[in-house]
Structure formats: structure tokens, C-alpha cells
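Each of the next two complexes has subunit A plus one more chain, namely subunit B in the first and subunit C in the second.
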Partner chain A sequence: MKPRLNAYALTFRLPILIWQALFFLGPLLFMIAMSFFLVRNYRMEEAFVMKNWERMLSRGFVWDSYWYTLGMAALASLTASLLAFPAAFALAFRTSESVRRWAIFLLVIPFFTSYLVRTFSWYVILAESGVINAGLGAVGLGPFTMLNTAFGTLVGYMTLTLPLVVILQTVTLAGIDPSLIQAARNLGCPPWRTIPSVVLPAAKTGMVVAALFAFILSFGDFVAPYYLGGSKPPTLPILIIDTTKAGQQWPRAAVVAVIMMVTLFVIAFAAIAFAYRRRASR
Partner chain B sequence: MSEPLVVLDGVEKRFGDFTAVRRADLTIDEGEFVAIMGPSGCGKTTTLRMLAGLETPSAGEIRIGGRSMNDVPPHARDTPMVWQSLALFPFLTVRENVEFGLKMRGIAAAARKARALDWLDRLEIGDFANRIVDTLSGGQRQRVALARSLVTEPRILLLDEPLSALDAHLVIRMQGVLTRLQRELGIAFVYVTHSHSEAFAMADRVVIMSRGEIAQVGAPRAIYRAPANRFVAEFVGRNTILTGTVEGAALRTPIGTFALPAPATDGATAHLVLAADILHIARAADPAARNAVEARLISEEFVGSIVTLFLEAADGTEFKVQMQERALTGLDLHAGGRFHLTWATDDAHLLPEVPA
Partner chain C sequence: MTKHATSLTKRTLLKTAGAAALSAPFVNRAWASTVELTMLGWYGTAEPDMVGAFEEANNVKFVPKYYAGGDNMLAALAQNPPGTFDIIHTDAEYAKLLIANDLVMQLDPSDYPMDDLLHPDFRKFPGHWDADGTMYSLISRFGHLGVSYNTEAMTAEEAGTYEAFWMPKLEGKVGHFDWHLPSLGQMSLLEGNESPFDIDGDAWEAVQARTLSLKPQVGGYFDFGGTFAGLKNGEMLAMCGIGDWVTGILERDGAPVSSVIPKEGGIQWTESYSIVGTSEKKDMALKYLAYTMSPEGQVKTAQMLGYPGHCVTEAGRAMLQKVDMAEAKRSGQIDGHPNEPIALIEAGRIHYRDIPVQQDLEDWNDFWSEYKNA
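Then we have the complex of A and B:
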């Protein structure tokens, strides 16, 4: 069937199309164009040169930063998924509908306060003289360095992503038809085995989408690696900031941004394809 | 075997203040097809779920194969169930669905596959083995659910209104499949349904439940011809119930005095149950008839060759008359028309008053 353009549909779709064109597609195209611009005497000039790309792609520190950021985001995605699962499981299967509603409401509350403020509160907890080390010191342990480490960065990523991942997983798990789990039990499946045999396969799409969100948010986050990770080594968002500050190198920053965009596109596409894949028969 | 396959011994189930099943006593024999029938909320599904271990009795004991099941979790029972919603795993192929129970029992992949394919062939859905479940039709999914439950060769199969989502013509076909399977396998089927026709067509014995209690247990024909109480008489088939006082060998009711088919205590309240197919309808009064009532035709229900007529006597009692469509010619049926209903004394069923 040939898709038909009708006025009614167009009226309602037009605003979103205009919005997308103005605030997403436009800046994106400009950013791509900018990655080919020139900077001379601290001033950006329109041009079409490969210089920025050649420079950024040939620098070891850019690639170090790339793999580090990718690895940390993947670790954050995995950690958030694992930490969220017991909570989401309990909320979905072991609590009443009203408790679940309240829990989801409470999980939204962290988003009311600034992420930056929440991150700074970890300073008090993780510092050499902070709450955790004071507690460990009392029993003769430590102090442990947690700030300005990869661990600090991960804690920050969790602050950003964990509530969202719990919400997404809870909604997904609560949506599983309970008779599937009962049917599995009825067919000889002991309680612990229902998780790998029924719960996870039935919730696959939602679980992958939740993990993908954690990945996307962590991959692009500047706050956690800067304030809790001490930007050592810098992640790509920190690299972008540093590059723009150092000699107005906006085109080089644009190169990093485009690389990030492409990476996210590939990963998001792969994750969604995996999430919705109908299993072929073996 | 000293004991029947399944024994329910004073089983009760309470949910808070609500008693779903009250003091249920029932036995099911090896290889028997038992249907549990009743209106929604009568406790039939709860009873089935207790057999599967998905609900725990609040009191009483369930024994299967002589062993108390009260503390046996569902996965250790071997009481597979066919669900009303079928509850097939949407993330598995047809074959993997059927293999599920075998996999849980630790059977090797090759043996699992062979047995699953065997069952799929037996139920004539072998061609769909590698399909995803939701690409199948309702009847095909039904067969997958059956294969999935039977592949572990249980001694008892529980079925929870399995045909309620199917088209009428498919229901008839699946009834045939189920009865044939049950005979071939020689295992017990416990079949929960709200449909008379399904229960009566398939079961060796029917258990009728009402408000959490077992109202009657018996062969379909016995229940149909001799309901044990008013509830069963009203629930099963299309019976007309006349209530009155016993006077010698007759029952005095507001619309006449009728002969009793069996002796009853003088002065007691009793009911006469008239099955819809024992009533004879005519335009003219038959002076020789022992039992006769005049009634006005209200409506008729035409289902192919069988017609049900609904008539109303002077005091509002509704009479249901079932007959062959052919036998109606010449009766000049029209709403409001007056007819004479008669029946043979021995065809009526006497129901002594029991607390409803």
C-alpha cells in the first residue's frame, strides 16, 4: 500500500517535525560541519579541512579516553542493571500494587534535586575524612581512597542512572503475565529457576532498554567523572570541555562529539535490535 | 491401590473473610474424567489450583497417590495444568514450550527433542515445531498447551476452562480430541468448566459446585435426571420447578395439584422438577391427563432442530418446553397463545425440601 499524505495527520505531526528539525537535526548537521572548520588566531573560520579529524584520530590520548569512557559506561550499565534487579524484582512480585506505586513515586524524587548537588553529597561520604572512612577507621580499616578514582566515577554514574533503571525494570517485571511463572512452577520449575527460565526471557526487552538508558546517560555524563573521578583519565565529555577551553578548539571538540554520537547510534541500534529480536529456531 | 488416585479430605480455602471452598470431600479414581462445574465464583478453579499446589488449603488435606500434598510445592507434584489463558511461553518456540517440563526434569537435549516432536505429531501440530507461539491459531495453541502438559506422562491432568476462548465449532472438535486422548492415555482428567455441554459431553463424573460447596457428584445422566437439590435443578439443563405442599400422593401448588412420582412426608414442602423434554404441549386440553397446566406462550428459542418454548402459568411460574422443530408444525405458535402442558407422573423428579 502506498503511504498517503493526509492533511489531518500532517497537522498533528508537523509541530514535532519542525521541532526535531530545528533543535535536533539542525544543530547536529552544524556540529558535523563544524568538525571541518578551521581555527586561526583563536577564531573559528568556515572551511572544509580534514585537519581536525586527522589530528584527533591520530592522538593516543583521544583513543585512551574513548575506550575508557566506553568501558566505564558499559560497567555502569551492567552494575546499575544488577543492583536494580533485586529491588525491581521485590517491587514487581513481592509488594502490593499501592506499595509499588509509592516506590515508583519515591524513585522519581531524586530527579527533583539537581544531579550536581547529589554528586557533591557523595564528597562527604567518599572523602578520605568522609563518612565511610570514619566508619571503617573505627574498626581499624582504611582510609581508602575513593574520590578521584574510577570507583568514584561509577558511584556518580549510579546516582544518575540507578533510580531510572529500577523504575524501568519494575514496570517491565510487573508487566509479566503471572500465569507464566505459575505455569513454569506447575511444569516442575523450582522457584529460583523461574528467574533465568521465565522472568528474564519474558522481560528481555525492558531489561535491555533499561540497561541502554544507563549506558547512554553514563557515556555522555560530565559531572561524575569530573567531580568524583577527578578527570583522571578524562572521559570524552571532559575531553570536549578541555578542548573548547584550550585555544577555542571548537572544531576538534566537534570531532569528539561526532564520534560519541556515532558510537551511541551504533550501540543503541544494536541493543534495540537485540531487545526485539524474535529468536530463530535452533 | 487401596486409595483412589486423588482424595480431598475436608478441604477448605479461605481468602481473608471469604471462604472460596468449604469442607470439600471428593475422590478421583485412576483414569477417570471428572468435570467440576459451577457458576463463576463457586470455587471450582480454586479447587483445581489447590490440586496443582498453586493455592494451599486453609484446612483439610489433599492426597495424591496416597501421599499428603499439603507441604509439597507445585514443582514437585507432577500435576500439570492446561490454563484458561494457556500461559504458553511467548519467548520459546512451540517445541521448546513442549520441552520445558522435560528440561526441568534434567532430561538430555536429544531425548527431550524427540519426545516433544512425538507429542506434537500426535496432536497433529508437528509442522509448527519451530514456530513462535503467537503465530499460531487458537486451536493450534490449545494443542501446544496440551502437548506441553502431557509430555511428562503424568497420572493426572488438570484443565482450567481450556476451551472457553475457542469458537463453537472448535470447541466440539477439541472435546473429541480431549476424550480420545484421555481414553488412550488412561490418566485422570480433572476438567473445570462453567459449560454444561462440555462437562456432560466428556466427563465420567460431574462435580457441581455452588458458593464454595459441592452441591452434587454423579454421572452426567444421573445429575440431569435426578438433581439432588434446587440449585442443581436450576443450574443444570432447562428445568421447570414447581414448589408446593405434599398431600398424600400429590403436591398441591398454586397452579394445581399434581401426582408425585415417589412417596413423601405428608404436609412437607417439596419440589417437582420437570425436565424440558418431558413436557408435552397441545392446543386443546386432554381430559385424561393426570398432570395438566394451562400456560401462555412468552417466547421461543430456535437452535436448529431443537426448539425451546418459554411459557408462563397463571401465577407467573415459567415453564420450559424443549422439542423437535418438526413436532411443532400445526401448533400455531404465537406469543400470547394459550396451550395445555401435560406430563407423565413418572417422568417428573421429586425433590424434598432442603435448605437452599
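Then we have the complex of A and C:
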């Protein structure tokens, strides 16, 4: 039987569809169209030329930025997942319901303050005259250069993503039936084996989604690589800014933005497919 | 039961309503007479320290829209409907683009003290006038870019050449202001180009090679905030592409930083005001432009909290020396000072910043991205 159009359901679904069409699909299509426009005398003109694509795809520095951004976002995703897991595990299995609730509330608090302010606060901690080097200096170590390095960028990415990844992992792990872990233990599984054999397979979907969020946020972040990484080398978001500075080349910046969008779509679809693959085959 | 003293009676309600009705036209008139001037400018140009006195005297309210870098200014113009902005504060190399695109209105030089300008070049500054000799942009202040450095890490003598950026002790400690024009202009000067922005293909190749050789020394590429933080916390010991407009603010706060014009010469940034052709408040905008050229207005431009600059008029400089000798001395705006800006121009050590003449701007920018990735 053909599903009939339900006016009641449509009333609730339409706003979301309209919102997506207006604020996601529309701008996305415009951005794609803009990548074929021309700039003359610092003014953008509607056109359909391949010039911007040819120029940007043939530049070595674009690909250097691309691979660096991809690598750093992957590293951020992996690092956030690894750093978050012990905390999420403890919150999910070793604390009471009220402690977990408080912990999640505290993890949300960083989002109340500006990310830019949080990033700048790292200057005091990571600078050569900062808190960490002062501590290391007291035991005869350092100073180490941490600002304006890939490490600085990674610290910024963690500032952005770690609280979110901990929350997502905690919620996922808390949803695992504890009797599964107990059953594994009763069947002779040592405690350390329960994580790879029971916990991770059961939490795979949530873990992958958390890692994917870390990747997406890091891949598109401008603040950390610019202010803590010293734009050295620049990531794709920085390249977009640099390109717009070159005589109003918004169409060329749109090329970089489209490349980023396509990359994110491919990675997001692959990650979601991986996350749900085994579950669907059961 | 007694009535509460503040309770609303029919009589007080009528009195209040009557008073409100009678005073409404006056309130309305007072609001209506406040003119809002929207200024598109570099950070700080429409802050109270700059425009407060003018606002008070003329019942004007400035609405700032700030940008960093001329291309962002052009972007703001392109992205907003005509009539959004009344005054544009920009650099000479971008003022000429405003004129070329017919975006700003003609100005009458006789409205301003052009004879009082400190240097003859300022009277008909390149970029402020069109080819027919019509003025569109009014010079307001200027500053010089050279070698900016940490005074605890190196001496003024060491900083007296762009070669200083290659000093072993500065490895990983040289920062760039993240804009290709000033840094590449300085590299062009180091290569011995008389006109640093008007260079042929061979000279451009040499500038690129020289710039790439600096890469191992570079600690990062920074915007306004990052440049401040880098110099202040000692992460960067020398900066390429800036000058007193950044170190001056830190110096005022007691930070051990300074800027010098090296022996190869420095680059001048020159700011001006233009009035947008579509502005509906041209009269008030013209009044503000005249104010910026008054001695009082000139002192404010020199003392601007956002970033310091030099006065362009004799009267402005004289008043600065009278009211703030410390700032006049610090910035070299007194006769006989080794960094006296007009003497530096007359000695041929200063070159006016421009956009590339023989290459496309995007070629310079592409190289800048390549350099950052190197």
C-alpha cells in the first residue's frame, strides 16, 4: 500500500526541510556556482568558467594544505577519542548517576565561553615563559617551543573537541547493558579484555560518531591552526582567508570550500557506513 | 485601610500620560537630530578616543565597521547594499581602487589645510587623486614599517638591516604579519629594488628566492592580535612587515620592543578618509573630514589607542608636542630626532606602499601561500 501524505506529520517535518533548504542546501549550491564565477577589477561577476578550479587544483600549496589539514584532523580525532575514553569509561561504569550528570554538566560549561577566548588563554600556559615551561624549568628541563607548532594546533583542536567527545562517549558507554560485561567476566574474560571484546563493539556506533564530530570540527577550524599553530603551515580554512585577501578571489576560496565539503561528505558517509555495518548485518 | 503613597490614581495616570504626550515631540526631535555616521575603517578609527569629542560637539553617533587589510574593506563594500557606509578609512593603495570603481565622492582640496601638510608629496598623494587631478581621498595619518624587535634580544644597530632576520639567534623567532604586501615589500627593498612594488620578472624571482631562504627562521604568521601576543610574551623576537603601529602600543605599556627603519629603507602606510558616493549624510561626513585635519583631530590620530600614527600637518604636530611631548618624542615627531618621519622621507629612505605594478596581486598572494607551506 502506498504511504499517504499525512498533513499532520508534514506540519512538523516541513520547517526542518525548509530550514535545511534555505540555510544549507541554498548556500551550498550558491557556493558551488560561485566557484565558477570571475573576478574583474576586484568585483565578482557571474560566469561559468573553469579557470578557478584549474588554478587552484594545479597549485602545489593547495594540496600541501589539503594533506596537512586532513592529517591534523585525523590526528585530532584519534587523540580526542583516546584521551576521552578513560574519562568516559569511568563516568559510565564507575560513578553514580548523579556524579555522571554533574560531570556532563561541567563538560558543557566550556561551551558557555568563547572558543577564541579559550584558545588565547593557552598562550599563558604554552608560551616559553608560560606555566608549563616554568614548571619544567624548575626541574631543569626546557624551555620547549609549544606555541606556533603542530602541537599547539593539536592543543587547540582538543580545546574545541575533547569535551564533546567525552560527552558523546559517556552517553554511549552508559547505554551499554552492564550484564554484558558481567557475563563476559563470568565466562572467564579478564577485565582488560572486556574493553576490546565487549565494550568497544557494543559502543562502536557512538564511538565512531564521536570521532567523526572531532574530525569535522577540527577539519574546518580556523582558530587553533592560526593562533596556536602560527599558520605554519596553513590549513585549508586559513587558505580560504588568504585567498579572499588576494584581490577579492572569493570564487577561488569557494573552490577550496567545495573541496572541503566533498571531503567531509565522503569521510562522514564512510564513517557512518562503518559504524552501522555490523549492526545492520545482525 | 490607608492608600499606599505610590499607588496609581486616575489623576496621576492622567498627569503622567499628559506629560508624556506633551514631551514626545521634543524627545522625537532630539532623536531625529542625532546623525548616525557609519564608518568602514581599520580598528580604532571610530572609537570614543577618536570620535568622542566630535560626536559630542555635533550630535553625531559613529557606527563602526572594522576590517583588517584592504581586501577585507573591499569585501565589506561588496557585501553590503549601497548607502550602508558613509565614510571609508583606508590605505592609499586601496583608496585608488575606490576611485577607479567610482565608489567615493569628489573632495575640494580648498576645504582643507593642504599648504600646512608636512611633506610636499602629501599634497597630491598617489592614490588619493585621479589622473585628471581631482581629489577623492583626504590624507589623515601615516607610519613607517621596518624591523620590529625585542630590545632585550637585539640592539638597534643589529636591527638596522633586514639581514637581521637571518641572525642565528633568531631561529624560529621571526614572525610575519600575515599580509604579503608589507613583508614582500621589505624583501624587495633588501634585494635593492628602488621601487619595491614595481619590479620586473627577474627581480620578482629574486624576491621570492630571498623570502624562501628566511623560512627556517620563521616562527609564525600572525594577524593583529597574534602579532601583539607574540611580541609581548617573547615568543617572537623580531617581526617582519610591521612597525611602530604595533610596537608603539606595546612600548606605551612598557614592553621591551621597538621598531627601526633599516639601512635598506622602510615602507610607508598612508591612511586617508573618503566619503562614499551613495552616502546620504555627506554634509556631516565632510564636517568630520575637516575635523580630522584640525590640530585637535590630528593629535587624536597620533594618540589613537587602536594604533599610533604620525600627524600630517605642521599645526597638528605642534599641538601634539604641546599636549603630549612624551608621545611626540617616542614616535620621533620632533625635529632632529633620528627617526623623524619627514626627514626619513626626504632622505629617500621611505617607499610608499603599493600593490604590485608588474605582477598580479594574486601572484604575490599565491607565492605568500606557497611560502607559508614551504
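One rule holds for everything that comes next: the second predicted complex is superposed on the first by the 276 of 282 C-alpha atoms of A that agree within 3 Å, B and C clash if a C-alpha of one lies under 4 Å from a C-alpha of the other, contacts with A are read in each partner's own complex, and residues count from 1 in each chain.
Operating definition for what follows: a contact is a pair of C-beta atoms (placed from the backbone, for glycine too) under 8 Å apart; a residue touches a chain by one contact, two chains touch by 3 or more.
Just so it is clear, the structure is predicted and the values come from calculations on it, not from any experiment.
Visitor: Under the superposition described at the top, does placing subunit B and subunit C together on subunit A give a clash or a fit?
Guide: Partners fit side by side after overlay.
Visitor: Of the two partners subunit B and subunit C, indicate the one touching more residues belonging to subunit A.
Guide: In the superposed model, C touches more residues of subunit A.
Visitor: If you stack the two complexes on chain A, which partner ends up touching A:D177: first (subunit B), second (subunit C), both, or neither?
Guide: In the superposition, A:D177 touches subunit B alone.
Visitor: Once the structures are superposed on A, label A:R193 by its partner contacts, choosing first (subunit B), second (subunit C), both or neither.
Guide: A:R193 contacts subunit B only, not subunit C.
Visitor: Which angle, in steps of 10°, is spanned at subunit A by subunit B and subunit C when each chain is reduced to its C-alpha centre?
Guide: Superposed on A, the angle at subunit A reads 150 degrees.
Visitor: Please work out whether A:Q249 is in contact with subunit B alone, subunit C alone, both, or neither, and reply first, second, both or neither.
Guide: In the superposition, A:Q249 contacts subunit C only.
Visitor: Look at A:S98 in the shared chain and tell me whether it touches subunit B only, subunit C only, both, or neither; answer first, second, both or neither.
Guide: neither
Visitor: Name the contact category of A:T11: first (subunit B only), second (subunit C only), both, or neither.
Guide: The answer is neither, since A:T11 touches no partner chain.
Visitor: Quick one: classify A:S58 as touching subunit B (first), subunit C (second), both or neither.
Guide: A:S58 contacts neither subunit B nor subunit C.
Visitor: After the superposition, what is the least C-alpha distance between subunit B and subunit C in whole angstrom?
Guide: Nearest C-alpha atoms of the two chains are 45 Å apart.
Visitor: Under the contact definition given at the top, report the residues of subunit A touching subunit B in one complex and subunit C in the other.
Guide: none
Visitor: What residues on subunit A touch subunit C, complex-wise?
Guide: Subunit A residues touching subunit C: 41-44, 59-62, 64-65, 68, 120, 123, 127-130, 145, 147-148, 226-227, 229-234, 239, 242-250.
Visitor: Subunit A touches which residues of subunit B in the complex?
Guide: Going through subunit B, the ones touching subunit A are 52-54, 73-76, 78-81, 83, 85, 87, 89-93, 95, 100-101, 104-105, 129-132, 148-149, 152.
Visitor: Tell me, which parts of subunit C touch subunit A in their complex?
Guide: Contacts found on subunit C: 69, 71-72, 74-75, 78, 97, 100-101, 172, 175, 178-180, 218-223, 225-226, 229-230, 233-235, 360-362, 364-366, 368-370, 372-374.
Visitor: What residues on subunit A touch subunit B, complex-wise?
Guide: These residues of subunit A touch subunit B: 177, 179-180, 182-191, 193, 197-198, 201-202, 204, 278-279, 281.
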